[in-house]
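What follows is chain A paired twice: with chain B in the first complex and chain C in the second.
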Partner chain A sequence: MSKVAANGGGGGNKDQIPVVVGGSSSSSGGGLRYPSNGKTIYHRPINRSKTTELSQASFAYLFSEMVSYAQRRVTGIQELEKRLNLQGHPIGLKLLDLLLIREPPRSQTRPLNIITLLHFLKNNLWTHLFGRQADKLEKSLNSEVPDQYMIYDNEPLVNAYVSVPREMNSLNCAAFVAGIIEGVCDGACFPATVTAHSVGGKEEGEMWPEKTVFVIAFQPEVLERESLIGKG
Partner chain B sequence: MSYYFAIIGTQDNPLFEYEFGTSKQGGDGQPRFTEQARHLNQFILHSSLDIVEEVQWTNGQLYLKVIDKFFNNYISCFMTGSNTKFLLLHQPTAGPASSATGATTTSSSSSSRNSTSVGANPTSPQTEEAIKNFFTEVYENYTKAIMSPFYKVNMEIRSPIFRQRVAAAGRKYL
Partner chain C sequence: MTIFSLIIINKAGGLIYNRSFHEGGLSKISTNDYLVLAGTFHGVHAITARLNPLPTNNRLSSSGTRPDPPSGLEILESENFRMQCFTTLTGIKFLLFSDTTQTNVDTIIRRVYEMYTDYVMKNPFYQLEMPVRCDLFERKLLSYIREMNSR
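So, the complex of A and B:
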């Protein structure tokens, strides 16, 4: 996700801001609307070379600020996770198009069913954000909630430097990533609720203490459509 | 040959509109819609959104080709990943000059348009390819537009540079 910030924050805003500055700066050619070197985001290539990555330290610093920003005036852990989720949501909506356009033309297809969407998340989204695929994809075996899907990440990048205090042990800051996933699902017309839960750290000497599961619960209309498409 | 291009958001709300004419076969790139047809075009595009919703779940491609036809108006569609629609209304001028909309009678004067011109036959592979190239280029610029951190989904695209880019793509391919 560090790449996203770089791509979006680099210079994209310059031509999108409606001129609200009254008077001097808007009347001249320069000002807020046009950058001084004449280059807007439209002049930049949409593809990135494979090696452009940002440092994890700077991302961790930014992320810690995002968490403390979200933590202001919240009443509980649920609300904090909700806010982190909301911070990620618009990123997911935008990433969907960016990832599709970076695909080679032959495999540029919109996900039409849940399975292709989940594979898109596990492979494309994870590789873009974290440089590797997600660790596991599962369908809920619980017969009461048959339409839940799980994506496992053994050591989420966002939690690398997060230590959760004991009294908040149900908090998982990967709610931010859950928000991104939710954004992708919503954007692709698969409205869903995505939550992040820690599942590791229960026993001593475990291999992945930071293991996190992202539970994706699709809305009933998605499943209804899925059954209709399957028939046709 | 005149074109009317619109980007439609996920709530069926218009995000961007642009009218232009062909630049191939000596065209001057100016649209030849009558005042009445210009208003009608918006209705035609809007009504074709129903068909888009039917087609989008049967075909996972981004480019859905010609999806709708209203008298002499053909509508090509391109779906982005995030469910934004690019719709292009094109109106071939070859053939009887009076379509039901009564539009484009002025452009019938130019004799250079023949059956080989892009768009004279709206469903030919050449035309489909040209429109696809146009859409692909717009898609790239659209993606750049939404990368702006100040852009939220379904916001109108007002950037003059985006408009220039769409115009350039229209000149290049259509």
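So, the complex of A and C:
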């Protein structure tokens, strides 16, 4: 027993993790090592095949089970959307950090105003999750709610195989994606409420029957801060 | 070359989907008759699966693999129409009615099965063995058959 302890003590002295000063990658000896090009395991996906794509079918089955799971203990459509939203929220919080660390070091700051945040969502987040950018970004023209922002997706990946029954037609399962967006906004200190609504399928033969809009309503303090920044 | 209609029967013999794509060709019957037709066909199919004229004395073939079970009724052809039946491994039957000159029915029926697995089985709101009411399945199926019929 004592021998083991002595060994452990000796090893601990030698293998002490050096404190890396200023992110230097040239630290010698053992311990935490940085590759010479500065890319850590966080910089690339686990799946290293050429396209880094995942099977859509397995995602569809997983998502289908997530929806049924969320549906099991709810009474109304709003509650179901809330649950889907909650499932997405932690993903968004974590994705913000991951996507920022993968940015080139110069632009590795979190979005500081609403416009950069929205562009970050439309470009980086959408490309990471769905392999393409979101289709449109818009500011609300309604004077009653002047500070709502909209992200349009013509064919959301999560809804690719989902047909909502007629008696629940106000439901949109992209509430899960809305939760991810909300997580990113919260993580970037832009607390907001994000909801998903279907806007397509109104008339026959429409081009994008699955078109979905994500409405982002920021908290009043965010808008207040934004107006102060704008002045300065 | 025209595809008249499609019927899907679940493994218990219940009708879960029926849709006609072409006016005329087949005479119209009521929903109740469709249910009876599905049940009857299910029974007939079970009987034909037993009517195997080939001897099945050695259950396992020499290579040790199990031979395919007898498949039962596959094609029914009459003067005016042709019916093809496709049974999936899970026992669901797809019946496709077309006119007698229709080619590539095999491919079409497989494509329909593919759509079924995509838009029905991956739909969180579909309950197994229950009638199929999925907008996406309907939409994709109609546009595919329409394209086939307009060739």
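Quick note on the criterion: the second predicted complex is superposed on the first by the 182 of 232 C-alpha atoms of A that agree within 3 Å, B and C clash if a C-alpha of one lies under 4 Å from a C-alpha of the other, contacts with A are read in each partner's own complex, and residues count from 1 in each chain.
As a convention for this text, contacts are C-beta pairs under 8 Å (C-beta built on N, C-alpha and C of every residue); 3 or more make two chains touch, one makes a residue touch a chain.
All values reported here derive from a predicted model rather than from experimental measurement.
Visitor: Which chain, chain B or chain C, ends up touching more residues of chain A in the combined arrangement?
Guide: Larger number of chain A residues touched: B.
Visitor: When the two structures are overlaid on chain A, which partner does A:S68 contact: first (chain B), second (chain C), both, or neither?
Guide: Second partner only.
Visitor: With both complexes overlaid on chain A, does A:V162 touch chain B (first), chain C (second), both or neither?
Guide: second
Visitor: Touch test for A:M150: chain B only (first), chain C only (second), both, or neither?
Guide: neither
Visitor: In the superposed arrangement, which partner chain does A:L137 touch: chain B (first), chain C (second), both, or neither?
Guide: In the superposed model, A:L137 contacts neither chain B nor chain C.
Visitor: Go through the superposed model and pick first if A:G187 touches only chain B, second if only chain C, both, or neither.
Guide: After superposition on chain A, A:G187 lies in contact with chain B alone.
Visitor: By the touch definition above, which chain A residues appear in both interfaces, chain B in one complex and chain C in the other?
Guide: Of chain A, no residue contacts chain B in one complex and chain C in the other.
Visitor: Report the residues of chain A in contact with chain B in the complex, numbered from low to high.
Guide: Residues 7-9, 12-13, 15-18, 40-42, 44, 46, 90, 93-94, 96-101, 105, 108-112, 116, 187-189, 225, 229, 232 of chain A touch chain B in their complex.
Visitor: Give the list of chain C residues in touch with chain A in this complex.
Guide: 118-119, 122-125, 133-137, 139
Visitor: Under the stated contact criterion, what part of chain A meets chain C in this complex?
Guide: Interface residues on the chain A side: 57, 60-61, 63-68, 71, 161-166, 168, 173, 209.
Visitor: List the residues on chain B that touch chain A in their complex, please.
Guide: Residues 56-58, 60-62, 79-84, 136, 139-153, 158-162, 165.
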